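Beneath this line is the structure, given in structure tokens, with notes to follow.
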Amino acid sequence: MAARRLIPLLDRVLIDKVQAVSKTAGGVLLPESVTQKVNEGIVVAVGPGRRNKDGDLLPTNVKEGDKVLLPEYGGSQIKLGDKELYLYRDEELLGVLKD
Amino acid sequence: MAARRLIPLLDRVLIDKVQAVSKTAGGVLLPESVTQKVNEGIVVAVGPGRRNKDGDLLPTNVKEGDKVLLPEYGGSQIKLGDKELYLYRDEELLGVLKD
Amino acid sequence: MAARRLIPLLDRVLIDKVQAVSKTAGGVLLPESVTQKVNEGIVVAVGPGRRNKDGDLLPTNVKEGDKVLLPEYGGSQIKLGDKELYLYRDEELLGVLKD
Amino acid sequence: MAARRLIPLLDRVLIDKVQAVSKTAGGVLLPESVTQKVNEGIVVAVGPGRRNKDGDLLPTNVKEGDKVLLPEYGGSQIKLGDKELYLYRDEELLGVLKD
Amino acid sequence: MAARRLIPLLDRVLIDKVQAVSKTAGGVLLPESVTQKVNEGIVVAVGPGRRNKDGDLLPTNVKEGDKVLLPEYGGSQIKLGDKELYLYRDEELLGVLKD
Amino acid sequence: MAARRLIPLLDRVLIDKVQAVSKTAGGVLLPESVTQKVNEGIVVAVGPGRRNKDGDLLPTNVKEGDKVLLPEYGGSQIKLGDKELYLYRDEELLGVLKD
Amino acid sequence: MAARRLIPLLDRVLIDKVQAVSKTAGGVLLPESVTQKVNEGIVVAVGPGRRNKDGDLLPTNVKEGDKVLLPEYGGSQIKLGDKELYLYRDEELLGVLKD
């Protein structure tokens, strides 16, 4: 089942959530309640986009490999093989993170 | 009654739900509560699609035979002969599964 | 009063509900609670359709004589002479049944 | 006050409700609770219609003198002289009755 | 303060409510609870109208001096000098009364 | 901080509320509960307006210096230096007052 | 993690809230409950804007460096490195402040 792949429909975006390593400046690991209010994720796959009223395809605003900031609520959990992934609508994603 | 056929109207999609066989890496079968949060199904029939404001027909995003990922909620159960099938609106379907 | 006729307005569809005869493969009649979750009906009359924003008439997706699958909820009961009929909006109808 | 007249605005329709005489096939009059679920009425006056987004006037779907089927809920009661009449939006009317 | 004037904005209509004299055919005055379900008013001033999506101005459907039928609910009371007047959106007005 | 200025965004309008002096014909000052149901204000600044679907700018319906009638509810209080001002959307304003 | 940057998606605006120094005319610092009803912030980054129905990009109404007035409610808190920033939709911002 490892080789199964999900191609999202419309403007859905498949996300692999990233557990942000949270350390204080001094290197102490912070407990989860302090750090996990907003999540990050990697875009695994994107749908073809949504069509506007004229029938033109509006592609998603993110692409495979983007590291994105996720909203506090929303997204539906799905299971593909052993992985737990998440589906969001493209317009729910808050921003793209650059290092 | 076996030969009866349903042709969905508008952008409705007729789905035959697939009970995903769930095994851990070691081959142990998992109880239903762990594995069944999201369902899969095979597209049995699709409607002609919905018309946009200009009157153009927008065909459905899935086609007969597609294996699709279904949302946790939604879909209405119908009975055709001995089979229990489900109707979804095309835009409720989350994605297409490829092996 | 037998000769009275109702011409539906807009995209309304007049339906005569059909009590589906429900038998198991072995011919046993099933009690109502098992079989009657979704109803079927025959289209008795259709309205001229709804106009889109440009003023063009969009005809209904079903026509007189079609056997249709009805949603579990919705539809308003009306009485014409001795008959009990039902009015649905065209887009509430789920699909067309073919034998 | 008998001569006062109401000219409905927009797509409003002025209705004079008709108390349908309800008899069984054998001529017995039925009590009100059995027969009065849906009402009938005669169109007394119609508004000029509603304008679409381009500013074109969309006339009402019924005309003065039509006998119409009324929805179970909706409509606002008004008093003109001694008469009790009802105002509906054109699209609330269910159908036109022909004898 | 008597000379102050209100020019309504958009499609708002300024109304001076009229207490309809209510008499039975025989001339008996009816108590208020029987007669006052729907109100009448005189149009004192109208706004320039609302713009549609193309930016064209859609003038109000009533004009100064019209006697109009008011809905049972809605309208906001304002005080101009000694007078109590009411503001309605143009599309809330039910109809124009002619004697 | 006295020199700070707020330029409203979109169709927002900055209002300086006016405490209407309320006297009866005989010159008696009325208590606040009787007189303050609707407020008046002076337009201090207006935003550039909102864009319609074609991208054209629709300017606000009021201009700096206009004396306007404010709705009973709505508007958000802001503090600029020592002054308490109010922001409304242009379409919330009821009318323009002329002496 | 100090060098990480967030590029907002669509019409989102990244804001660094400013704690307004609040002094009375005489120079006394006011307690927080009196002064903090409305917040101010500096625009750190803006998204490319939202597309209208024709697919044209509508840029945000504010730009990097603008000092803006924030609504009392709304905005979602995010953490970038050591900083606490806030994301708003462009149309939630009330106005631009000029000294």
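When the chains are written out, they are named A, B, C, D, E, F and G in that same order, and each has its own residue count from 1.
Please note the rule applied: a residue touches a chain if its C-beta (ideal position, glycine included) is under 8 Å from a C-beta of that chain, and two chains touch if they have at least 3 such contacts.
Computed from a predicted structure; not experimentally measured.
Between subunit B and subunit E, the least number of touch steps comes to 3.
Of all residue numbers seen at the subunit C-subunit D contact, under half occur in both copies; the interface is built from largely non-matching residues. With angles rounded to a multiple of 5, the C-alpha fit of subunit A against subunit D returns 155 degrees of rotation. Separating the CA-averaged centres of subunit C and subunit E is a span of 44 Å.
In whole angstrom, the spacing between the mean C-alpha positions of subunit A and subunit E is 54. Residue positions 53-54 of subunit F each touch two or more of the other chains.
Contact topology of the protein chains: cyclic, one closed ring where each chain has exactly two touching partners. All chains form one closed ring of contacts, and listing them from subunit D in the direction of subunit E gives D, E, F, G, A, B, C.
If you check the complex, the residues on subunit B that touch subunit C are 3-10, 12, 14, 47, 51, 53-55, 76-79, 82, 87. On the side of subunit B, the complex with subunit A involves touching residues 25, 35, 37-38, 52-54, 56, 58, 61-62, 68-69, 71-72, 91, 93-99.
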